[in-house]
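Have a look at these structures, which come just after this line.
In what follows, chain A forms one complex with chain B and a second complex with chain C.
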Partner chain A sequence: MYRNLTIRQKQIVWAWAFLAIPILFYGVIRFYPTGNAILISFQEWNLLGDRTWTGLDNYQKLFADPVFWKVFKNTFVYLLLGTPISLVISFVIAYHLDKTRFMHGFLRMLYFLPFMTSAVAMAWVWRWFYQPVPVGLFNNALASIGIPQFPFLQSTTWALPSVLAPAIWAGLGFQVIIFMAGLRAIPRSYYEAARIDGVSSWTVLWEITLPLLKPTIVFIVVFSSIGFLRIFDHVFNMTTNNPGGPLNSTKPLVLMIYETAFSAFDMGYAAAQTVVLFLVLLVVSLIQLRLLRDS
Partner chain B sequence: MTATEIRPTTDALLKTQAPKKPMNSGQFLRWLLLFLGGIAMVMPIAYMISTSLKWPHEVYNLKLIPDEPHLENYTYVLEDGRFYWWFVNSMIIAIITTVCNVIFDSLVGYTLCKFRFPGRYIVFIAILSTLMIPTEMLVIPWYLMSQQFGWLDTYWGIMFPGLMTAFGTFLMKQFFETVPDDFIEAARIDGLNELQIWWTVAMPLVKPALAALAIFVFLGNWTAFIWPLIVTNSVEMYTLPVGLSSFGDEADVAWELIMTGAAISTIPTLIVFLIFQRYIIQGVVMAGLKG
Partner chain C sequence: MAFFNVKALAVATATSAAALFSTAAQAVEIEYWQYFFDARVQAMETLIENFQEANPDITVKMTHFPYADYRTKVAAAIPAGEGPDVVQLFYGWLNDYVAADLIQPLPADVFPASQIDEEFFPMVQAMKEGDAYWALPTAVRSLALFYNERLLEAAGVEPPTTLDEMIAAAKAMTKRDGAGNLTQVGMTAGMTAQDHHWWREGLIRQFGGEPYVDDYQTVNYNNEAGLEALNFYSSLFTGDDAVSAIGFMDEPQAAFKAGRAGLHIDGSFRIGSLNNTRGLKWGVTELPATADGTRSNYSSYWVNAITTKAEGEKYDAAVKFMQYITSDEAMQIWLDVVGELPAKPSVGLTEENSNDPVFGPFIKGLAYAHTTKFANESGQRQLMVEMVERMTLQGMSAEESLAIAAEAEQKILDEYYNSASN
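Up next is the complex of A and B:
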């Protein structure tokens, strides 16, 4: 049978043979669950009883829930603080590191090392740093120079930035490397021409470097935004005694989903929250791509 | 123009780009600030390791170098048994998942890149579109599936969602573009079958990409938290991140022991980085430019 096929037909057979298991995988482990999540979001289900259709009830309940709006706001605060701060810091580091030759590889390694750590492990390390006197490193350091202690994780104002800091810290190295690759890709001739014309390095930065880095910036903005909108590991581990606390001031959407699904076992309600998360990610990415590509 | 004629000019170019002369004061200041910034970046890691080597009485002082460094915390934590199990679990899961991704992502990437068949574009778009779906949306259906089939609290249950990734498939597809079609044609004429061509001809040509993919997948699974947290119930099945999280949350656990646990879950990836630094940096660049 197989022998009588033309070369082209044989190729088709091989291609589908190679793809058989992966297609099964993507169907069962990716597409089916996606549809199922949307389906469950229209149902009422506590895991033990029956699944009953409730239409848009879960969504109505969600939009009427003050905790959801608090969480929704927190999620965007993570995004709106995290993305610009990490973008600016990583660009400044990459810009200067790119111009430094002495011990270049060693410096790059120092900046990249945090990216290789586990978020859970580092959340616990930073949690220790943030403890009050006499335990926490930061407050001990402040005390040793005579500054009163700072309520990092205890304060409803400062807990969110405190949780965000290690998330920004861990991602910087990745962004620095991407920026440096982008900087290297800019043809030298542009800089030479600017130098011959006697343009200041500040003008070169704004008129040549940044416009030509646009694709890199778009990638980093979209990529890091998705990360900050899905923040979970850091928050969960730094606030295990009161997840998302104090007073829900650090709780992001993913933590709310986790608690609704796996502490309250309200599967339908949690599924509706995941659909909202999906739409938020989709809309934010599309807006960013549109804005950054056009301007 | 011959090669010998070009050579002096390129050498001259290189020299102007990388001068050997000493730094001026502005350059030195830039270097110094970058150096101090870099030291600040690794401080949390340094304090974690240093604290894991300290005795209880010196844990809360600011000294980075312990007075009498010792490994008692490690012996204590490992003799307890739990961290040992969690380490083994994480290692098994990360290795199996990595092998699986390296094989399947590259097989699918290769097929989509080098074969012409009806449905190719649809399969490609379908796989790519799964990149848009956040894991958090899938954990509830995965949990229900695991409950139904008895996968809760098993290695398979922890591993199954990550056995293949669209990101890896896409990355490998991009890299197989660099393999010349002539090589594959030549192998076909030599009588190799398609599986042999993929494995013995194409795969060795994309080794750097495979290394980068392997490291990313390993790191991702080693540090994965939310799904292992959901799917495991018993302490013996926890992975390192889940175990560390529950260990830290126990009442009255000393901070030096938590730091030891954190160090145990961080040091392996730091060692991987120090060995494969070049591949990892290249991998990040490739992922950034092509992903």
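Up next is the complex of A and C:
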């Protein structure tokens, strides 16, 4: 039977044969659990007993839960602070690092190191940096010059930025490397032409460098947005005793899902939260892909 | 501790040699699960070897998991029929396992309820339904007041026995730098550690209240006693003469281990890690009483239960094994190796054990201890954490914060007891 196929048909058969493995893999590992999670979000289940159908109860509970809205807001604060700040800092570093010849490789390694460090270890080190006297590095420094203590992790206002700072720092290395690759890809001839015309370096930056970096910027924005929307390990490790505290001021959606599922064992409610996170990620990614298409 | 380890090892070597020669051909194998904690695993190995020696036709296979995964793995495995025949569960999880039909009651002829009521400390009665017990502990835990001997001596105070003495001692040990920042606390504080148990079952009862009524289904601390208990507790870390600070040195036990805290309330499970702390000279005494001598304590425990998977000869073997691990002998081994308290007064309240300088205060505490029935322990603890945070970070009054906590906790309890699966 196979022998009677045309070459084109044979190619299709082979293509599907190879595609079958990832499709099967994705079906079992990704799509089946995703579908199941959506199903569980309409049920009540404590992992032990039977699942019972509860319709939209979990979603009603979710939208009436003040903690959920607080957490929802936190998640977007992580995104809206984290993405632009990390983008600007990493671009500035990459832009100047690109022009530096002195110890270029060594400096680049220094920026990349935090990205390779375990997030858990880093979060704990920062957690100790932030402690009040007598343990905290920052507060000890403040105390030694007579400045009052700063409540980094013990304030509902400052805890979130304090948690976000090391997360941004950890991701910088990766973004710097991507930006540098983007900068190197811009043809030198544009810059030479600009120099011959006697254009200011500011104009070169705005008219040549940034527009030609757009694909790089869009990639980094999409990548880091998804990362900040899913932030978990930094928050969880810096606030383990009081996860997402104080008073839920640092709690992101993923941490709320984790707690609902694995401390409260309320799987249906956790699944409903997961579905909401999924939709948020989907919408944010679609908007960003739209922007990518424009370029 | 080293002494006990050597002893356990000697017993283990002798019995494993015996087991080697007596392996029966048609042995029944039952599986036992617990979470990984070095001393617990060691103690259970000794118990299993002793048991197998006495019952050569039964072998017990122990499996253990890291604590962080234990609850999820047990919950996933047992419904799938892959799990153990005898399993160790936290007492607070038992309701869910009973409701889901995953464990079976202990046979009333071997474990008569009347006899257990009489022989065990009264808090295990939470495991009883009708004439049968669902599960039984080998060991229990309670709270006591740890003190740093060097700091007490330097401040010239004695280990406190009442709440007033405790505050006075803590004040004497509190140190501040020039700017008024605490550099050494008289006492640790933090609802994230054991303080929420102390507040619920200790302070509220000592101030004349009862934290819950209606078999722990109704919150009952939004009243005079609850408010007094909260005011007393928050006086530790508020005001100019505070003897403590929330989050001092990150965690209460860390501050105590580092020798920067004079007093620290913690459970008997902390003994082992304090013993391993170099340079720390510590002692322990009962939780302080009120001026009129009222005491109250919190106790918790892990229980052993037979799962519904065990049938036929495996069930019989599981019953025999349960009998052994809840025996006086097993409890003494558990105390010697793990440092957890025997669940029976006949073992715990022996002259030697109750006068032990380390275990004694905990064992005495069992006599007046209460066990909270939690619906969601970490969720309920979180409410206590937030109750204090609203006061310290947002300046809310104790009355208002207490009322919010009581309402939120009642909501958790209502949801749990009214949900379809319970």
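As a working rule, the second predicted complex is superposed on the first by the 265 of 295 C-alpha atoms of A that agree within 3 Å, B and C clash if a C-alpha of one lies under 4 Å from a C-alpha of the other, contacts with A are read in each partner's own complex, and residues count from 1 in each chain.
Methods note: contacts are C-beta pairs under 8 Å (C-beta built on N, C-alpha and C of every residue); 3 or more make two chains touch, one makes a residue touch a chain.
Quantities reported herein were computed from a predicted structural model and do not represent experimental measurements.
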* Sticking to the clash and touch definitions up top, decide whether chain B and chain C on chain A clash or fit. => clash
* Asked: Touching A:54, do we find chain B (first), chain C (second), both, or neither?
  -> second
* With both structures placed on chain A, which of the two partners, chain B or chain C, ends up touching more residues of chain A? -> B
* Thinking of the overlay built on chain A, is A:46 touched by chain B (first), by chain C (second), by both, or by neither? -> second
* To do: Please work out whether A:146 is in contact with chain B alone, chain C alone, both, or neither, and reply first, second, both or neither.
  => second
* Asked: Is A:156 contacted by the first partner chain B, the second partner chain C, both or neither?
  -> second
* To do: Tell me which partner A:242 touches in the superposition: chain B (first), chain C (second), both or neither.
  => second
* Asked: Where does A:33 make contact in the superposed view: on chain B (first), on chain C (second), on both, or on neither?
  -> first
* Partner chain(s) touched by A:62 [first = chain B, second = chain C, both, neither] -> neither
* So, does A:135 touch the first partner chain B, the second partner chain C, both, or neither? -> both
* Partner chain in contact with A:262 - chain B first, chain C second, else both or neither -> both
* Asked: Which parts of chain A are touched by chain B and by chain C alike?
  -> 127-128, 134-135, 241, 262
* Touching residues (chain side chain A, partner chain B) in the complex -> 8, 11-12, 14-16, 18-19, 21-23, 25-26, 29-34, 36-37, 40, 93, 96-97, 99-103, 107-114, 116-122, 124-129, 134-135, 137, 140-141, 144, 166, 169, 172-174, 177-178, 181, 216, 219, 226, 230, 232-233, 236-237, 240-241, 254, 257-258, 261-262, 267, 270-271, 274-275, 277-278, 281-282
* Complex interface listing, chain C residues touching chain A -> 71-72, 75-76, 78-79, 96-97, 99-102, 177, 179, 181-183, 190, 192-193, 245-251, 260, 376, 378-379, 382, 385-386, 389-390, 393-394, 419-422
* Touch list for chain A against partner chain C, complex -> 44-50, 52, 54, 127-128, 131-135, 143, 146, 148-149, 153-156, 241-242, 245-247, 259, 262-265
* Asked: Residues of chain B touching chain A in their complex?
  -> 18, 23, 27, 30-31, 33-35, 37-39, 41-42, 44-45, 47-48, 51, 60-62, 104, 107-108, 110-111, 115-118, 120, 123, 126-127, 130, 132-134, 136-145, 160-161, 163-164, 169, 194-195, 198, 219, 222-223, 225-226, 230, 240-242, 244-245, 248-249, 255, 258-259, 261-263, 265-266, 269-270, 272-273, 277, 280-281, 284-285, 288-289, 291
